[in-house]
Amino acid sequence: MVLVQAIIDGILVGTTYALIGIGFTLIFGVMHKLNLAFAAASIAGAFASLVAWQHFKDLPVPLVFLISAAAAGVLGYLIYLTCFRFIPLKSPLATLMATVGMLIFLEEIVTHVSDGKAQNYPGMLPDARWTLGPLDIRVDYILVFAISVAAMLLLLALLYRTRLGIATRAVAQQPVAAQLCGISLDRTNAATFVMSGVLGGLAGAMIGSSAELLSNLLPLQLTVKGLIVTVIGGLGSIPGAIVAGLLVGAVEKGVETWSVLARDLCVMLLIFVFLVAKPAGIFGKLNVRD
Amino acid sequence: MKKSALFLGACALALAGFAAAPASSQQRVIKIAGFGAKTGPVRSFGVNSEAAMRAAAAEINAKGGIKLADGKMAKVEVTFDDDRCQAEDGINLVRRYASSDVLVAVGPTCSNVAEPLFGILQKKVSDEKDSGLRFPIFTDVAVKAGLAQISEWAFRNTPNEPLLYDALFKYLQAKRPELKTIMGGKEGDFAHSKAGWDAVMKVAAPKYGMNIVGEVEWKLTDTTFTTQVREMKAKNPDVIAIAAHPFTLCGVVKEMARQGVKPKLIIGLTSSSSMETMEGCARQVEGAIIPTTFAPVNPEAKRVAGLIAKQKGSADLHSTAAWENVIILKSVIEAAKIDGKPETLAADRRKVRDALAALKETQGLLGVTKRTEDREAIKPFVFVTAKGGNWVVSYDPTKPN
Amino acid sequence: MDYLYGLAQTIGVHTIIGLSAYVVLQTGQVTMAQAAFYAVGAYVSAMLTTLWGLNILIAIPVAALVAMVLAGLAGFPALRFKGLMLVVATMALGEAVREFFFNFDYQIAKGDLKVGPAGAEGFRQIRYFYERGWTTAEVAAFIWMFVIGIMALLWWMDRSRIGAVLRAVGEDELAAQSVGINLTAVKVSAFAIGGAIAGVGGALYAHYTTHVEHTAFGVLMATFAIAYPILGGLSSVFGTLIAVVFIQGLLIQWLPILIGGELRNLLFGLLILLAMNLRPRGLIDPRVARTLRGLFVRSPNA
Amino acid sequence: MLELKGLSKHFGGVRAVDGLDFAVKKGEIVGLIGPNGSGKSTTVNLICGVFPVTSGTIAFGAHDITKAPPHQCLSLGIARTFQNIRLFNELTVWQNLWVAQNSAKHRKERGFLGRWAGGRGQARRSVERYLEFSALAAKRDELAGNLSFGEQRRLELARALAAEPDLLLLDEPAAGMNSEEVGQLADRIRSLKGQGKTVVLVEHVMELVMGVTERIAVLNFGRKIAEGTPAEIQANQAVREAYLGTGAKI
C-alpha cells in the first residue's frame, strides 16, 4: 500500500517534470538545439512572482502563478535573443555554452534576490487532504496535475489549431521550406521560446507551491531532471515528455520508499534502459534517412 | 582579429589593475582577512560573517586600535572575500593573503573549503621540512567535527555539536521524561547534515534513555517529502530530530503539518536556529528546540546583535563567532607583542599562532569558551525554542531556574 | 609571488581537465563524464601515495591508466548515442561514479589517525607535496610539466593525421566511415585518451588541494570541463588554455579584486554569454588558430 | 566482382528496394538510373553498409559484405561519393585527401611498422597525386568548405579515389553541374577505366550516363525494370513510361 501511495504521489508530482520536459523538447523540436537555461528561467519566473507576492501582500495564488508564467515567458524571449538569435546556426556548441552562461547568470540573480535563503511561497489549499480508503492524497497535488494537464491541452490546441502553431510545426519539420512559404523563422522561434517559457514558469510556480518553498538550489536540480525526462520521452516528442515525466515521478517516489540514495541511481538506470532498448524514446522516431 | 585584440586588451587591463591593487599604507595597520561564501546557496553565511567582522573592527578602532610591541597603536583593517564555497578558490585566497601583508585570516564558511585549506598549511610547526603554508587561520563557521587537528596553524571557534546534543538530551531526560521515542531525518547527501544525525544525535539520544524507532533521509534539493513523512506518521515517535538545512527542514515540517504528524517535540540542527528558518516556515516549526552557541540573552549579546544588524547582517551562532574571533584576535595580538612591520610579518604570524595555541579560554558573548588541546572550542550554549516567529531561549545552563 | 604560483597550479589543473574534454569534443561528442574520470584519477592516485606510500610519478600514470580503462569501457555504450542523448547518458555515468565515491569508505590506520576515503566526509590529508617539502613554485612547475607535456602531445596530434581523423569524425560520421575510418575505434580511443588526461588532472588536483570529496566532481565540474574547450575554441589547444585563464584567472580571481565579489558571478555568466555571441567558434577560432600556427611554423604540407 | 542477390530494404511499409538482382563485372562502368524515389541512392547506401539490409545478400569478390559496416567496405576496396556533397568542411583540401589514406591496399603496401615510418611519405605522395588529378593543387591549404561547388565535387571524387578502391560508387556526381563541367567529369570517369577501376554511376543526367557507361540498369519503385546497353535502354518502352509516362523521350 505504501508503494501504491508513493507511486500515486509520484505521478501527480511528475506532471511538473512533464512540463519542464515539454519546455526542453519544444525548443529542441523547433530549433534542434538545447536550451540549458530553460529550467533556471522557470525557477527565476517563480522567484519573480515570489517578489510580487512579498511586495503586494496576500496576492491570490492564481495571480501569483500567472505572474510566474508571464515572467518566465519574458525570460524565454530574452534567452532566445541572447543565446540563439545572433549566434550562427553552424555553431551549435556556442549556443549550448551561451545557455550555460545564462543558467549561471539566472541562478546568481535568484541567489541575490533570495540572499541564498529558502523562501516561503504560497501553497495551494495547504490543509486540504483527500482520503480514499487507505490512500491519502494531497489535494494540491491533484490541482498541480489538473493545471498541468490543462496547460498541456492548451499547448496542443495552440500547436494544432492556430496559425502560429502550424508555423511552429512547419519550422520544426522544414525550416527552409517554411521560410519560402512566408513564415518568419525569427518570429516563430521567438514564439516557441515564449511558449515554453510560460509552461516552465507555471511548472516552477507549482513546484514552489507544492513545497511551499522556493530555493536557489532548484535550477540545477530541475535542469538535470528536465533533460532526463526529455531523453526518455524522445527528443522533440511532446506526448513522450508527458509520459516520461509521469514515469520519472512514479519511479522516483516508488524507489524512495525503499532507499533515497538509490533513487537517483535508479532514474539513471532507467535512462540506460531506455537508451539501449528504445533509443528514440517513448514516442520518438529515429531519423534513419538522410 | 579585432575582437581577439579586444579580449587581449581586457586581459592586460585586468593584469595591470591587479598589479596596482596593493596600496601603500602610511599608518600602521593590522590586516585581518575574512573569507567565506558570498555567492551560491550559502551566501547568507558570508554576508553575516562579513557584517560581524566589520562591526568588530569598527569597535576596536573606535577604542584606538591594537597595541603593538613598541607601544604604538595600529588600526585594524578587515577585508572580506568570496570563496564561492569552492576549495580551489579558498586555497588561492589564502595563498594571496599569505603572500601579502595580511596577518591572520578568519574563515571559511564551508567545511569542504576548510578541509583542503588546512591541508595545505604546515601540519606541525616543529616540522621544518613541511612546506605547507605558515599562516594562521581562525575559523568562524565551518563546523564539521575535528577539522583543526589537520594543522597546527588551524584554529576554530565553532560549536562542538556532540557536546551540545549530549547536553540537550540530558536536559530532555530530566525535564521531559515523557519523551521516550525518537526518529531521525537527515539530508543523506550532505556531509554535515548526515553526520548531525548519524554521528551526533543518534549517538546522544540512547545515552539518555530515548529509544530510536526509525530514521528517514532525503536529499539537499528535494521538494517533496510525502514518503518520508508517511513513515514518520506510521512510527509515531515522541520526538522527531531533523538534521538538515532550513530549505528541506521547512519542506519536511510543512509536509508534517499537512499530514497531521504532530510529534511532542522537534529537534533541529544547530545552524537551523537562524532567521532563515523563521522566514521559511515559522508557523510549522513552532515549539522546535535547537541547541545553539548564540542567542541575545544578555546585554552584551544584544548590543553586538545590534551592531551586526547595523552592518546589514544578522547575528546568529555563526556570525557572532566571526565577531568573537576578531575580538579574540585583538587581545591575542596584543599579548603576542608583535612588531607589525613588513619585515617582521612571518615572525608576527608565528607569534599570533603561538598565542592562539596558548589560549586556555576566551571570553565569548554567552560566557567563557574553553579552548581544547587540538585547537577547537568548547563554547557555552543555550537551548532555543521557536515561538511566534522568533527563537527564544528556553534554557540557559548558566541560569538554572 | 607564492600566490601567483598557487594560481598557476589551479590554472594548470583546470587546463588539463579542459584538454581532456577537448579530445572528445573534437570527435563531435559532447561528454559530461569528464568529472567522473577526474574523480577516479584523484581517488586512485591519492590512495596510492597516501595509503601505500608510492611515489607520485608512479601514482599518476596508474591513476591515468585506471581512468583510461574506465573511459574506454564507457566509450563503447556511449557510441550508441549522439547529441543530447550522449549528454544525458554521460551525465548519468558521471553521477553514478560520484555516488560511488560518496559511499566509498576504505581507511587504514597511519600512525595516530586513520586515512583514506571516508564516504561523504571525503578523503583528507593527501599531503604528499607538503610532507616532502615541495615549495609552491615546485608544485606549480610539476603540474605545468604535465600541462606542457599534454599540450605538446595534443598539438602534435592536431597536426598529424590522427587529428584530421578525429575532426573528420566530428564533422560527418557517415562521410568519415565512407573514407574507411572505423568510428568505433576512433570514438572509443578519443574517450580513452580523454579519460587518461582527466585522470592525470584528477591526480594533480587531489595532491595540490590535499582533500577530495564527492561534491567536487558533480555536474558543475563536468560542465566546466567542456566549457573550457568550447569557450576557447576547438581549433587549437591554446584555446583551452586561454579559456581557463579567462575563467579561472580573470573572472574568478581578478574580477573580485577589481570590482568586488558581489557582482562577480553575475558577470561570470554574462561574460560567457557575450564571448559566445562575439566569438561563436571560440576565443581562438580557426582563423586565429591558423594565424597562430603561421607564427610558429610554416605550413606543414608545403 | 559485385553481386546483389534479392536485395530488399523496407522502411516501415515503404519498399525502397525490393528484390533487386544486379551484378557488376571487373573493369565495367555501369549506370544505375531511375526516377526520383526509385531506390538508387538506397541501393548505394545498402552496398556501403549505411543501412542494415532487410533481406538478400551482397557479395564483393569472394567476400560477403551484407553486414559489413561502412568503413570495412572501404578497406575491402569499395569507395563512394555522396549525392549531396559530404566533405569535411573544417579540414583543408589536403587533409581531406589525407584522412582517406585508409584502405587495405595502403596497409598492405606499408606493413605494420611502415605505417608509422615510411608509410607517411607514401601517403603524402598518394595525396599529391590526387591533388593533381582533381586540379586542386593550388588550393591545398584552403578549407574544403570554402571551395566552389564544382571544386567540392572534384575533391569528393578525389577523396574517394585516394583510398585506391577497386570499385567506385558515384552517387549523382553531376548534380548541379553545367554542361562544360559534365564534359570534364565524363573525361575523368573514362580515364578511370584506363586505371582498371570498376565504376557504378548513379545518375540523373542522361548526357553523362549515356556517354560513359557500357551497361545500364533501370530501377522503378525499388525493382529493376530494365537492363542493357545505353542504346537498348533508350529504346525500351517500359523505361520511357517509368520516367514520363507514355511517349516521353529521354
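Chains here go by letter, A, B, C and D, matching the order in which they are written, and residues are numbered from 1 within each.
Just so we're on the same page, a contact is a pair of C-beta atoms (placed from the backbone, for glycine too) under 8 Å apart; a residue touches a chain by one contact, two chains touch by 3 or more.
For clarity, every value in this text was computed on a predicted model and none was experimentally measured.
**Q** Which neighbours does subunit A have in common with subunit D?
**A** For subunit A paired with subunit D, the chains in contact with each are C, in label order.
**Q** Can you identify the chain nearest the overall CA centroid, using each chain's own CA centroid?
**A** Smallest offset from the overall C-alpha mean is found for C.
**Q** Tell me, please, which chain's centre (mean of its C-alpha atoms) is farthest from the centre of subunit C?
**A** Most remote chain from subunit C, centroid-wise, comes out as D.
**Q** Taking the mean of the CA coordinates per chain, how far is subunit A from subunit C in Å?
**A** Comparing mean C-alpha positions, subunit C is 31 Å from subunit A.
**Q** On a C-alpha centroid basis, what's the spacing between subunit B and subunit D, in Å?
**A** Spacing between the chain centres: roughly 72 Å.
**Q** Indicate the whole-number Å distance between the mean C-alpha point of subunit A and the mean C-alpha point of subunit B.
**A** Measuring from centre to centre gives 37 Å for this pair.
**Q** Mind pulling the subunit C residues that touch 2 or more other chains?
**A** 102, 174, 265, 275
**Q** Going by the contact rule already set, what residues in subunit B reach two or more other chains?
**A** Residues 39-40, 189 of subunit B each touch two or more of the other chains.
**Q** When you check subunit D against every other chain, which residues touch at least two of them?
**A** Correct list: empty.
**Q** Once bound in the complex, which stretches of subunit C touch subunit A?
**A** 25, 30, 77, 80-81, 83-85, 87-89, 91-93, 95-96, 99, 102-103, 174, 219-220, 223, 227, 230-231, 234, 265-266, 268-273, 275-277, 280-282
**Q** Any idea which subunit A residues touch subunit C in the complex?
**A** Within the complex, subunit A contacts subunit C at residues 28, 34, 82-83, 86-88, 90-91, 93-98, 100-109, 111-112, 220, 224, 227-228, 230-231, 235, 261, 264-265, 268, 271-272, 275-276, 279, 290.
**Q** Using the touch definition up top, name the residues of subunit C that touch subunit D in the complex.
**A** 161, 164-165, 167-168, 171-172, 174-183, 286, 299, 301
**Q** Where on subunit B does subunit A make contact in their complex?
**A** 39-44, 47, 188-189, 216-221, 223-224, 226-228, 230, 245-247, 250-251, 254, 257-259, 276, 279-281
**Q** Under the touch definition given earlier, write down the residues of subunit B that touch subunit C in their complex.
**A** Answer in residue numbers: 1, 3-4, 7, 10-11, 14-15, 17-18, 21, 38-40, 80-82, 84, 87-89, 91-92, 95-96, 98-100, 112, 115-116, 119-120, 122-123, 129-132, 144, 149-150, 189-191, 194-195.
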